[in-house]
Amino acid sequence: MEFEEILSSLPEKEGNGLYRKDFLRTWDMSDEDIKLIASAAAGLKALRDRNISSKFFDSGIAVSMFNNSKNMGMEFAFASGCDMLGLTLREMSGRIGPGSLAETAAMVSYMADVIGIRDGRYIEKSSRYMTRMVNTLKESRDNGVMAQRPYVINLGSDEDSPVQTISDLEHMALHFGGIENLRGKKIAVTWAYSPDGTRPLAVPNGIVSLLSRFGTNLVLAYPEGYELMPGTEERAAANAANSGGSFTRTNSMEEAFENADVVYPVNWAPYNFLQSRTDFCDANLERGIELLEHELKENNMQFVDWECTESMMEKTKGAAALLLHDLPAEITDISCVRGEMTAQVYNANMDSLLVQAGLRPYVIAAMVMLTKSEDPKAVLKSLKEKAVKRYI
Amino acid sequence: MEFEEILSSLPEKEGNGLYRKDFLRTWDMSDEDIKLIASAAAGLKALRDRNISSKFFDSGIAVSMFNNSKNMGMEFAFASGCDMLGLTLREMSGRIGPGSLAETAAMVSYMADVIGIRDGRYIEKSSRYMTRMVNTLKESRDNGVMAQRPYVINLGSDEDSPVQTISDLEHMALHFGGIENLRGKKIAVTWAYSPDGTRPLAVPNGIVSLLSRFGTNLVLAYPEGYELMPGTEERAAANAANSGGSFTRTNSMEEAFENADVVYPVNWAPYNFLQSRTDFCDANLERGIELLEHELKENNMQFVDWECTESMMEKTKGAAALLLHDLPAEITDISCVRGEMTAQVYNANMDSLLVQAGLRPYVIAAMVMLTKSEDPKAVLKSLKEKAVKRYI
Amino acid sequence: MEFEEILSSLPEKEGNGLYRKDFLRTWDMSDEDIKLIASAAAGLKALRDRNISSKFFDSGIAVSMFNNSKNMGMEFAFASGCDMLGLTLREMSGRIGPGSLAETAAMVSYMADVIGIRDGRYIEKSSRYMTRMVNTLKESRDNGVMAQRPYVINLGSDEDSPVQTISDLEHMALHFGGIENLRGKKIAVTWAYSPDGTRPLAVPNGIVSLLSRFGTNLVLAYPEGYELMPGTEERAAANAANSGGSFTRTNSMEEAFENADVVYPVNWAPYNFLQSRTDFCDANLERGIELLEHELKENNMQFVDWECTESMMEKTKGAAALLLHDLPAEITDISCVRGEMTAQVYNANMDSLLVQAGLRPYVIAAMVMLTKSEDPKAVLKSLKEKAVKRYI
């Protein structure tokens, strides 16, 4: 995209609703906020593609916490997004104990500008942990413990994964020529079989909550019993009504794929399972967790044919739907015997999937820039004009 | 503090006695050296608080070695202090074997500007290790192995913790309006009970050695048998005599707190215990170490009432003494059943304790800048005048 | 060396054959390429020695992968070389699974400028792994998955270690006053005893392949049966013929040392052993590997007198040969009972060995700069002219 075009899509100063904000859930952000992130990410990418420095910081620390959920792609995305702005990454291992949260939060935050947290294993606990972190930081800042506070970016919780879903949205926008062109598009978000089968809900919850906002015809498909978090479908329905789109639910993957413009086949564990696992975990019932997971995997096997195959792809609009996945996917014949998609489908779509994943560093960098800068348009403009080469 | 005021507190060029020096023990530094570190730290903080870049380095490596003594606060302090100056942190895990010290020291040092070492577990060994590192680096430099050498900062040894104690001093100076206002203040450094109970002596040793230098009335309190390192009390007495203050020792925490302006309740293990542990360790007598630690913990239990409580705080000057601790503290009802201070005292003083801890990155950065720059005043002035924004 | 002299040794623009190239083996590079790396390394060192910034990048990621072969010296060399240019290091632990190479390679590479890989344990597998990584990255770049691709530097494979050997070459050139002065020098590369005894072939293979190119009289010595990789001796013989030098092989360490200008005593495991270990590893025969290693160590013990001693050094030209080693060495009386060299020899040559090791960061930085810049001469010149201080 041309840089001028991107700049003109950015609102003027008064528009930055994200200034000094944290990024926990897309449904706490306005449509304008979401578009602002996407535009700023595009602006940062345009600078880098032109070998122009996007160093927003001269120094500063970015802290990452990956609790119970390593993810190499997201780790590199966070590292890269922060580096692009000039921040130094410092990784925390191990979740901070609740007793000393204020103290530990301060220890890591005196000179930190952003904290990225991924903590997706436990229903409610994960998002509560992030919210407590935000509140603790606010309090410390207000009490003068630190001269400024870092802002928190959710890199994947129990309920949302805004970096992932906004990257997905941007990938679709690039594919269809703008977010406004998503209007009327049929988007199929569907459960898919995986031998692991205990993935958290962050991505399906988040994608259904976000993609229903732009006038799309969103179809959510899953086998009976594989519900998302309470409130998610209601939110999607309300979003659809507000934005002039539609939201429907089905128990048929085929129905969802039929004539779809976009398909997002992805495994998740049902909310009831995740809730029980958290309860068992609280009670330290490890044997119970094992049994629970075993039971779910057995149940999943009824639905091994929920797989994105070539013949499924043929049902989509012009047999050419845009395939989305947050990666890594479980791929039949590559990583397992039966998975979320076949090797043929994966291989045919790999480049596009990798382009999608490659947007995350820019989305992260955009979030950091937006929370620190009242006037992101001016910042991007001045970076463009200074035109410091990223490398000589 | 105003930047001009800070600048004017810095001596002119000829005054920097820390140029090309290492930072192992405060008692090897003059009063002027100590004040210089405090002023430079304040100057760096003033720059950062005004969003002005304090990048002293364009590139360069800082190496950290945390041997047998992880400490998240000090680790982030070192990372932050180095980042603020533009250095990249590289962590070494595992102590370097003595056989190959010259070789290994070179391997990590070719492009390093500073090495921060925390190695506090073993009496004598720890400081000897740091001294050997300094000597090895000097020799390598003199022999032309490297074009420059990194300087060593002690982040906590068996006998001192200069980053901590100079931060403590600076926190007190900010509280009382200047180091000169410490004259005549009653400062209570007292042993406190902790269920762990095997903490090294670096902080109490260091704080008694440093705070006795500025005309204070320093009182050291501990139960019979909980001696600091030989020579520490003698040093404090001499410092007091030299600076027109006083140094007294008591076996009563109450007496120490009585009318105190500052209280520093902190656990430590007696010198004799630490010396024996080192001997047992040399002889590989692990069972002996266990028994020794068990014995000490049993003995400690006689002194569970050496606790900083609200009623203890009421004994202090105006019931409002400044509470110091190097954190993390053992806090009754939060991290243990009986600890160094009660939850009430901790909570009432937490913001101040966190401000104290937050000074360490600046003290570290000041040390690095002072050892690399002959004229720190000119450096701070030029950073102020160039006024490069830390972030746009 | 004077900066102008270094600059003049750099070819003009059209000469950079390394632009957008990877660095896997020296025998895929021309003599001009090799000299260009050495000159650029000298240029970068000259800048740093004059406290002039060599920041070529404003931001960017360097990825390191150390698979099955930790090496502190090379790790710090890579970290330092990248930092010197302005890149941020991100370490990958764990080799990437072959199934998902394209995906994983992309995840780490979106914003990476260089990937340093050390993977030396398995014959053929290691170099094949690096080659596959290069091909995967090329493909991803061609398919538009990333806007640019990182280039790969071999930090030690089964067959070569170009960073090490080019540093060795540069060290010799500095010692003898230029690469052209190596002509006619007698260089002894000889097997030496080590109690471990299972070292890979990268260094001996690489050094024989590289040092035979400059008109040297290269002598390779090893006990019968301790062959290098097939093709290496043939390559050395061809190089010698081409460059007007000579290549001979002997089974006597004494013969090799006799009147030598340079000696490189270093342990390696015979090719046949390494090949069998790889086969056993493929078949998961761990007990077989144990037996194999045991057998080799027993066999090695026949050759404990293949040791670089003072009396061996006395046989060399003027009893003053330049001693090379890639470090760490097995040193008699320091790290073992009998090793590659005696403590006396090590101590007498330590400073020179450490200077040799200290060239590696510059060689790495030179490689990165050369693959990214079409006109390295102009880059060095402009860095020199801008003369940004590395530290104030």
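General remarks:
As written, the chains take the letters A, B and C, and residue 1 is the first residue of each chain.
Everything that follows uses one rule, which is that a residue touches a chain if its C-beta (ideal position, glycine included) is under 8 Å from a C-beta of that chain, and two chains touch if they have at least 3 such contacts.
Remember, predicted model here, so these are calculated numbers, not experimental data.
Under half of the residue numbers found at the chain B and chain C interface occur in both copies, marking it as a different-residue contact. Rotation angle relating chain A to chain B: 120°, from a CA superposition, given to the nearest 5.
Averaged C-alpha coordinates put the centre of chain B at 42 Å from the centre of chain C.
Shown for chain B are the residues in touch with two or more other chains, namely 88. Taken together, the chain B residues at the contact with chain C in this complex read 56-61, 88, 90, 92, 99-100, 102-104, 106-108, 110-113, 140, 143-147, 372-373, 379, 382-383.
Across the complex, chain B meets chain A through its residues 48-49, 53-55, 72-73, 76-77, 79-80, 83-86, 88-89, 327-328, 334-335, 350-351, 353-355, 357-358, 361, 388-392.
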